[in-house]
Amino acid sequence: MENNTVATSFIQRFKDIRNHSVEICSPLEIEDYVVQPVVDVSPPKWHLGHTTWFFETFILVPNYPSYTIFDPQYNFVFNSYYETIGARVIRTDRGNLSRPSVADIYRYRKYVDEMMIEFMNSSLFNAEIEPLLELGLNHEQQHQELLLTDIKFILGHNPLFPVYKKENKESETVEAPKFLHFSEGIYEIGFQGSGFCFDNELGRHKVYLNDFEISDQVVSNREYLEFMEAGGYEDFRHWHADGWNWVNLHQKKSPLYWHLIDGKWMYFTLNGLQQVDPDQALSHISFYEASAYASWKGMRLPTEQEWEVASPHFKWGQRWEWTNSAYLPYPGFKKEPGAVGEYNGKFMVNQMVLRGASEATPKGHSRNTYRNFFQAELQWQFSGIRLVK
Amino acid sequence: MENNTVATSFIQRFKDIRNHSVEICSPLEIEDYVVQPVVDVSPPKWHLGHTTWFFETFILVPNYPSYTIFDPQYNFVFNSYYETIGARVIRTDRGNLSRPSVADIYRYRKYVDEMMIEFMNSSLFNAEIEPLLELGLNHEQQHQELLLTDIKFILGHNPLFPVYKKENKESETVEAPKFLHFSEGIYEIGFQGSGFCFDNELGRHKVYLNDFEISDQVVSNREYLEFMEAGGYEDFRHWHADGWNWVNLHQKKSPLYWHLIDGKWMYFTLNGLQQVDPDQALSHISFYEASAYASWKGMRLPTEQEWEVASPHFKWGQRWEWTNSAYLPYPGFKKEPGAVGEYNGKFMVNQMVLRGASEATPKGHSRNTYRNFFQAELQWQFSGIRLVK
Amino acid sequence: MENNTVATSFIQRFKDIRNHSVEICSPLEIEDYVVQPVVDVSPPKWHLGHTTWFFETFILVPNYPSYTIFDPQYNFVFNSYYETIGARVIRTDRGNLSRPSVADIYRYRKYVDEMMIEFMNSSLFNAEIEPLLELGLNHEQQHQELLLTDIKFILGHNPLFPVYKKENKESETVEAPKFLHFSEGIYEIGFQGSGFCFDNELGRHKVYLNDFEISDQVVSNREYLEFMEAGGYEDFRHWHADGWNWVNLHQKKSPLYWHLIDGKWMYFTLNGLQQVDPDQALSHISFYEASAYASWKGMRLPTEQEWEVASPHFKWGQRWEWTNSAYLPYPGFKKEPGAVGEYNGKFMVNQMVLRGASEATPKGHSRNTYRNFFQAELQWQFSGIRLVK
Amino acid sequence: MENNTVATSFIQRFKDIRNHSVEICSPLEIEDYVVQPVVDVSPPKWHLGHTTWFFETFILVPNYPSYTIFDPQYNFVFNSYYETIGARVIRTDRGNLSRPSVADIYRYRKYVDEMMIEFMNSSLFNAEIEPLLELGLNHEQQHQELLLTDIKFILGHNPLFPVYKKENKESETVEAPKFLHFSEGIYEIGFQGSGFCFDNELGRHKVYLNDFEISDQVVSNREYLEFMEAGGYEDFRHWHADGWNWVNLHQKKSPLYWHLIDGKWMYFTLNGLQQVDPDQALSHISFYEASAYASWKGMRLPTEQEWEVASPHFKWGQRWEWTNSAYLPYPGFKKEPGAVGEYNGKFMVNQMVLRGASEATPKGHSRNTYRNFFQAELQWQFSGIRLVK
């Protein structure tokens, strides 16, 4: 058996993190757990099952001989992109599955949680397993953020605009921006230290940056409204060709969740529909919109290297900030062997990096080396803009 | 006030029919009410709301001044194709709506039911309203059948193959067919009598039929398996051009719900997965399959006129039987004015007529003049084949 | 050898009909022979090759032993829907084939024509082959009509609006309509006589018709403009559900080839762009539009039986007239064995019947028993409306 | 007037380059100029018109007052992505336009060429116009490469596999690879010097590179066949998630133009169908395939920075070599004002950089700072692989 203190600390964190997922879902009706309005949004019950399946599949099955699989069919249902593990339900279909029921999934969670604690208390739990356990906990936290963004999408696309939770405070105020100057030279990028990080942050390495000035604030709704009112969505000159196609194909006129009602811009929040607050940080925009806005301002988005270098000098964490960096491997990046190796590397094409964090990011899950990434057209994250000139 | 006996009889039928919809749903989990796996299948909770909305919108609102609308937003959610009444949620979106919740919808049903009974007991209920009430009851019965076919589709496309209800007996045995002969001449077609019928059955009229011989049995699984084993799905000569495209596009090899598992044909029923019973009536085939099978047998499908003329002489009601008649208006067909006029007429193109009924058809809801209709490619009804030569 | 006179007469007709296809194409640029703007429109060079392939495949190869196939690859390219004969190029791909060149195809035509004449002059040509030859000639005439409609589509969708041929007079004037009355009773329908007809016209049979009154004129542009100006394209009440979806999906506002330019309705004809002539017969409408117009007038379209019975009493041939009859087999219809059997029967689903003929129909190719058929949404034929009340 | 020698030199280059486009097309049939099999491939006649339109629109119209536009409609037809200039024909539609005819377009070229020479001989031609003229010439050369790749696609997707040109030698032999070592440190990247370059190459800047070893050869067919035979297309572990979807959706099993015929891998070349030569450089692969191959070899693709730094030390120019760099702006990149500013910048998302050149690249049009870019799934360029470890 491992050092008791270590195990105890893991058990407590395990309990806290697992419990937080359940708390996030507590305001939901059963029906809210089930639907999948678009392919990028997963049903909340799927998130609850999938994170549980991760612990079952990668920790209990290979390491705890006395463990009995809860239901062998669940691998088929709750596997996501881990092709190594078996046939998967394609993402589009997740919204068609009424079973396992929400109650079944909570039973599944309880069962796996008890077995995990039993395992962590046992002599079989050792230092070799820690990194995988750490990965499982961080994986669960990633899905906690997705739970919130997906719940917002589900409720925000219902014509009744249901309220998720009265007390949730969705955004924060932005101040007048100041630009911070950084000088040309060699900088270091990438995770270092002893805590957890994902494989895509590893390989601390030198980069050569030119002079740049970066805003100490993210863009506010007021600033973005100026772009909208100046005809930003109608002027192709500010847009990438793909972005312009996206605007036209989907008739985009505003960020996601904005509705022009009786001449006023309203905004769907987890508290329900509210008037757009001009002082708050802009949210729910695509990379295309971020980039077009920057072009209209005569500025640009930071690279992820610039962002990481500058981040200790400004406040961050209000929004996931689109960078102008494509999601690519760091020098020396290697996939882990086995199914866990599919975690990040396979997505390193056709996606843009976001840095920072958001109000939906669980506490303790943000770092200035964290590399989030999404397709350029996606708006459903709490995503915003920081300018560079 | 109307004659008491008439009102009492209506009230009892109203209660019985409304209650039957609830009974159909009683074995479901909440989650099963929500999903919409394909556009033709509606979530059960939508059926429950929509049928309620029909009574609210077409009977209570225009005729019962003391009625207060339950929730003005529900018109948007539960309207179906009645373009006259207002903007509708497109069918594809029904599966994205987690709210109103199932509990909300049951409250809505209870409220409308109580108001309907209050109204039927009042002096405002009169003979002029009866046809619309009758239509509402028959409309609810149509949706009871759809509830069952949609529930079967939802459960039958879940990898866990959940059982709906142990006691449901899904099909019936077919005997060796005999062919009944009918002579050339003038026959009469269409509804007559004093009971209810849909507008598309009206206009009793003469048709001239040639000699024909029609089977007294629908086709069995055993007979259809012979077609499959003879390579019926691989031989374009038996198929319509559209049917052949459908077979190839969707890689069709068998009726819906059939699965070849370990060399045995299994069949998903409301009782769960079972081995295909060769003696039972074939079910869940498209018009294309029905027609290809008939062509392979060197026979054909009946026209709806032949079917109606012959039907008093054979047992029917096991399956909805595809005819080779397109769904078109009878001589003298007129749409009703107003939204109710959209009920049937607007579908009179690109659909084929089915005659008969099925195990999913509510008691008292079948007539030999009833004209059911679906697109040629749909398989999710309890549909079968009767041959003519 | 066959009776000389019969052979001579066939040879002359063969030459005349084959030559007419070439004449139709004579005003084209090489480039016009190649393109396929939409899947329903074939490149002119494909029509020229396909009709030639028909004679080669169904007459020369099986009946004339000394015949050598021009190019064995052409079967792959010029086969259309005759699945029996071999793998086909799917229709969508026809517009991607730059080879065989137009010159190659004219060489192919010349070669097959010479061999056909040699064969018809030989002792091997006999009465048994006549029906197939007749079918080949009528097949070529069908494609002559399609050549014209497809050429119009190709030129009419080019932003330069090229003129096909100055002298072509595209339409004819319509007079004030009178309604002709027909009495209820038994009528006979279907081809009789000794000349050629297609298999789908055979099986002369009795039908029972109710009283009807039918217009002696097709609808004029003036009449249809009234419908447009009355908001016909914006009022769902007149449309089938499928038609309404079609209007909205494609933003339909007028017949095909109509353009509102500087406040005037212009119309692309084979003579180029011209102002819409209100006195001419309406053309290029879908079944959905025909049906919506009739509904707006408070009338309806005729059935094909009504049309055929009444046709000797009115002028027809200006437009292909949409009927409200689906394309279905006549009583006793049987597919011919072999590939020729695929000619008509396989299309007997999801299409509506048109009766009459148009200015694009070759002389000698029209009969009042002729059953033309297209999908309800197609507009590219010279199609019009005749009303019944 | 400009210095005579400069003008004379420009006029000669203009004539040579313009003439080379015509030479590329000289083996074509008229029909080959017209078709557009897929959206990424433009009809050859469009390339000929578009490059001419560029000189007319950006040089003659703004700078040569005596110039009369050849045909005002051509702007609509031959504009490509220059949204500033007016409505464009969407790319998909280019293959539907039979007019202007090929002869018309050659007349257009002749007219514009004569006017350009007149202009360059005139006193109005001056040093300010030179950069735009240079851009026009390089633009024409880019389209010369596309002409060849598009002609290959058109002929290579015709079931008759027509030969383009006997004498064209499509590929070159690859030798046994050696790996060249480069040491960690600061390097410089980007164009410098006095000749022409595109805006995306500008901004010579420092980058910090880690140690790397790069092959002096591109991958051969023999090497890629080993990957294919080892099941490379069936093993998801080597593929990006998007790449794996691409493989499955399109059932990819080999590079483009490879056909397994009677057990032998054949390859369509501009000389027609030939057996795959194992010693030749692999061609016509997507980024996904390049990346999967590298992963299977336990190596990786170079970044564009590594490639540029190493390129003076190896032979390049046989293939466009996929790098693992996304197409993004260099530090300090600025769009030019006006329509020319749309040239490159708007494509800087969702594309990967290729470095090198190919047999299809015109002489004098390659540089080791040239940044080519395409979407990750495209195969129709002469694209290959260079490995890094």
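Chains here go by letter, A, B, C and D, matching the order in which they are written, and residues are numbered from 1 within each.
One rule holds for everything that comes next: a residue touches a chain if its C-beta (ideal position, glycine included) is under 8 Å from a C-beta of that chain, and two chains touch if they have at least 3 such contacts.
These numbers were taken from a predicted model, which means no experiment stands behind them.
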item	value
Shortest contact path, chain A to chain C, counted in steps	2
Distance from chain D to chain A - Cα centre to Cα centre, in angstrom	37
Inter-centroid spacing, chain D versus chain B (mean Cα positions, whole Å)	57
Chain centre separation in whole Å, for chain D relative to chain C (CA means)	45
Overlap residues in chain A, where contacts from two or more other chains coincide	none
Pairs of chains satisfying the touch condition	A-B, A-D, B-C, C-D
Chain B contact footprint on chain A (complex, rising order)	29-37, 45, 73, 76-77, 89, 95-102, 154-155, 157-160, 162
In the complex with chain C, residue positions of chain B that touch it	81, 83-84, 186, 205-208, 210, 236-237, 239-244, 287-288, 291, 300, 324-326, 328-329, 331-332, 341-342, 346-350, 352, 376
